[in-house]
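Shared between the two complexes below is chain A, which pairs with chain B and chain C, respectively.
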Partner chain A sequence: MLKKLQDLDSRIIYLVLLVAISLPMFNPLGLPVSVIEQTRRVYDFIEELEPGSVVVMSMDYSPGAAPEIHPQAIAITKHLFSKNMRVMFMGISQYASQFARDAIKEALTLHEAEYGVDYVDLGFKPGEEATVTAMGRNVHNTFPEDTYGTPVSQIPMMADIQDANDFAMVIAFDSGGSRHYYVGQINSLYGTPIACALNSVNVTNTMPYYASGQVLGILNGVRGAAEYEQMIGSLGTGTTNLDSISFGHLVIIFFIIIGNISYFASGRKPSKREVR
Partner chain B sequence: MKVAKLISLVFAIVLILQFFFVSDTINTFGNTITSWNIVIAAFAMGLAAINLIRIHVIRIQLKRENWINSLVLIIVLVSQAGVGLFLGDDSSQYMFFFDGILNPLGATMYALIAFWIASAAFRAFKARTIDSTALLTVGIIVMLGNAPVGEVIWSQFPVLQEWLMNVPAMAAIRALYIGAAIGGIAVGVRVLSGIESGHLGAGE
Partner chain C sequence: MSTSLTTWVAAIGTLALLSFAWRENKFYSLFEHIYVASGAAHALVQGVKNIRANAITPLIGGQLIAIVPIILGLLFYTRFIPGKAKWSRYPIAATVGVGLGQNLPRLAGTNFMSQIRASFSIWTFNTVLVLVSIICVILYFYFSASEKAYKIIKYPTYFGRLIMMMAFGALFGNTVMGRLSLMIGRVSFLLQDWLGIVG
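Let's look at the complex of A and B:
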């Protein structure tokens, strides 16, 4: 029977995984999550900022990565509004404004903030790294209007925001590659602190920036969102989804173990080609 | 072609100089080039949409395989663009498309990967050799270190996971980045010197 497991129908695997991921959504376990240093550094940095500091939120993620990154955006927006920061939403992804509006809507349920005074949505501008470079040199020239068509020169909070020297920090919500642009064009030239809020698959290739100090902190997928929600004391979808991730991982590990048991039970010996 | 290569060379030199030196003249010229880049990118998006429509209209006209999918694409593209242009991208109708269709579909496509990974892990993650056993072990440690249940099972899983991410994985990625950067510089020199002209639409 163990040998037959090697031919296990994939649909059984899919079904077990589906059940494992779905059950915690209806009955959350609330497993404790410890906060790792990469996440804590982002939180602590924002805590130490002076009220009224300018924080750029670059919403550069796609709908595919939104389940991981959008909860992070909501949590950080809540934090920034609670600390009376001036938040400048923008993005080089065409979905930037939509995600920004949703994050703002969620944050406004808890904290008061006035458009044009406490936050502004400059919207999406194509051009990838060129846009980041141009914004660093002159925000008003790069974004002459906000996403609603209001000239930036008429928005009160933008009066003293000219270039990257006026940014207290930039948070790159990234599922593509905008973090590389911000490290190269903003942090390298102006020394502006950069934080990254990423989906899990991109965390590994951002670690060199974190190790060298070019990125001050990283939020790691749904776990990062849950950790941040825990720190700000406002639990959301990051926390509720983390139990599903726990069970999903356990199911995958279970099937890996079963697969190996059945492999060795089949009596297969590594071929000469396999043994190096 | 020679003129195009010369323009590429001049623009690239200006941008490189602007990165390393402070000069009002170079700054002005460099900022202008960067602005042109943004404008061209916007035009490129429009061109991409037009090309997409052209290709799929041809598919519909010739009734090629799965031409229905092309029809659906055209209808959705035109609808969404029309709603955005005439009603605004902050209108409830636009947000309905985004929140009700685009966002869930995008998340679904990405989420399907989890099921494929589970099936692939079952079939491929076998401890056949020392290398594959190491890969298997590290993968399990990272998975358990990332999920809260791992910490419940053994408190050291997150510690091991953090070490794996901060030391061997980071070292490998750093080597990859350095290699890619050196390769990028080599390709850049070839492009600027005119040896490579693929970016101008010509062969080598």
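Let's look at the complex of A and C:
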């Protein structure tokens, strides 16, 4: 029996996992979500900002990471629009505008905001860290036009936004490395607060920034999105997917336990090299 | 069920790529090639747009300085001209120089000095634990201890190893959550957007 478990076909595990994550989609359980400190600090910071403050949303994620990060972007856009912030969308990822447009569309179903007055989409600019550095120094030179080709000098919202000193905060929606650029080139040089909205795999290596105060808060994947949706009182994809994640995790934990029991029960002793 | 052609293409592509979990098959291979080709085509178009927006258009608009990156960019292609390959070293040197100039101050300030300063700034249990952990992990990678010294640092290095195991565990846990989220995204797309059988 235990031998059979050790040789379990991985496709059976995939199948069980597929069923486990699909079931809550048919019948959502609404399992409770506790809001952790690193998410709450992003929410609290935005709550304390004055209406009209400039918040930069740097949409630096790829479609592969979108299921984790895009729900966060939608939730935060809704929050910013509800607080009448001036939101500047931009990105060093080529998909920045597509994601920005979608997040804005979702947020506009709940809140009113006018293009050029309450928000602007500066689009994608190649150059990675050099672009972030240049934007910190001079926004108008780095982004002479918005994503629709309108000169930035003709956009009312941009009239008094010159450099990073004018940003109340920057939120890096990041699946690559832009958070490092923002911490290094914007937070270190101008003291602008940085928040990170990340896919889960990038959270661990960003925690040192959070512990040192270089990053004010971090949203962690779908869980972070679900927490934020709960705080703003507008449930979305993050919340509906969290039941599936919880079920999936239970299945994975179950198989890890079964795998270890069958391993130790099979009598195989680890070698001295493995112990050392 | 969706009537949108793009949703159908995305759904068939998703099923094709997921079929690899069962076994490698022709359906998977076909969409693997389509995926690579469309990715390459997208990158090419984006590259041309970038050159046009950031070099050609400013140059035509009178910004003569844009000629510098254009020339440097063209020099990369001298690698394909026999006898002229040495010219490609100049744009490489410029790229390395800019990269280093950009990165070194950031890495030294942000990832090194700020982290050290933060480790010593506030004396709470957490910061003391972080500080002890840093020292123990560094000791783990100190390979030149004499036999006598090793006896002293044996337990701190063991603690350093445990700390690293915990960090790897946290990383793995987050990775599992991330990968699961991606799978949920696809399953949700199939059940909701394509088949329309969940709300």
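As a working rule, the second predicted complex is superposed on the first by the 274 of 276 C-alpha atoms of A that agree within 3 Å, B and C clash if a C-alpha of one lies under 4 Å from a C-alpha of the other, contacts with A are read in each partner's own complex, and residues count from 1 in each chain.
Note that in this section a contact is a pair of C-beta atoms (placed from the backbone, for glycine too) under 8 Å apart; a residue touches a chain by one contact, two chains touch by 3 or more.
In this text, all values refer to a predicted model and were calculated from it rather than measured experimentally.
K.L.:
I'd like to know which partner A:V33 touches here: chain B for first, chain C for second, both or neither.
P.N.:
The answer is first: A:V33 touches chain B but not chain C.
K.L.:
With both structures placed on chain A, which of the two partners, chain B or chain C, ends up touching more residues of chain A?
P.N.:
Of chain B and chain C, more residues of chain A lie in contact with B.
K.L.:
One more residue to check, A:V203. First (chain B), second (chain C), both or neither?
P.N.:
Both partners, chain B and chain C.
K.L.:
Which partner does A:P67 reach: the first (chain B), the second (chain C), both, or neither?
P.N.:
A:P67 contacts both chain B and chain C.
K.L.:
Look at A:M25 in the shared chain and tell me whether it touches chain B only, chain C only, both, or neither; answer first, second, both or neither.
P.N.:
So A:M25 only meets chain C here.
K.L.:
Just chain B (first), just chain C (second), both, or neither: which does A:Q214 touch?
P.N.:
Touch partner of A:Q214: chain C, not chain B.
K.L.:
If you stack the two complexes on chain A, which partner ends up touching A:A134: first (chain B), second (chain C), both, or neither?
P.N.:
A:A134: touches chain B, not chain C.
K.L.:
Once chain A of both complexes is superposed, is A:L8 in touch with chain B (first), chain C (second), both, or neither?
P.N.:
first
K.L.:
Examine A:L250 and indicate which partner it touches, taking first as chain B and second as chain C; both and neither are also allowed.
P.N.:
It touches chain B, and chain C stays clear.
K.L.:
First (chain B), second (chain C), both or neither: which does A:V183 touch?
P.N.:
In the superposed model, A:V183 contacts chain C only, not chain B.
K.L.:
Show me the chain A residues, by the header's touch rule, that chain B contacts in one structure and chain C contacts in the other.
P.N.:
14, 17-18, 21, 64-67, 125-126, 130, 133, 200, 203-205, 208, 211, 220-221, 223, 245, 248-249, 252
K.L.:
Under the touch definition given earlier, write down the residues of chain A that touch chain B in their complex.
P.N.:
By the definition above, chain A touches chain B via 8, 10, 13-14, 17-18, 21, 31-34, 36, 62-67, 95, 97-98, 101-102, 125-128, 130-131, 133-134, 137-138, 141-142, 147-148, 189, 200, 203-205, 207-208, 211, 220-221, 223, 242-243, 245-253, 255-256, 258-260, 263, 270, 274-276.
K.L.:
What residues on chain A touch chain C, complex-wise?
P.N.:
Result: residues 11, 14, 17-18, 21-22, 25-26, 64-68, 94, 125-126, 129-130, 133, 180-181, 183-185, 187-188, 199-201, 203-205, 208, 211-214, 220-223, 237, 240-241, 244-245, 248-249, 252 of chain A touch chain C.
K.L.:
Help me check something: in the complex, which residues belonging to chain B touch chain A?
P.N.:
Those in contact with chain A are residues 19, 27, 31, 34-35, 37-38, 41-42, 44-45, 89-90, 95, 98-99, 102-107, 109-111, 114-115, 117-119, 121-123, 125-129, 131, 136, 139-140, 143-144, 146-152, 158, 162, 165-166, 169-170, 173-174, 176-177.
K.L.:
Please give the residue numbers of chain C that touch chain A in the complex, ascending.
P.N.:
Listed in rising order, the residues of chain C that touch chain A are 21-22, 46, 50, 54, 98, 102-103, 106-107, 109-111, 114-115, 117-119, 126, 130, 167, 170-171, 174-188, 191-192, 197-198.
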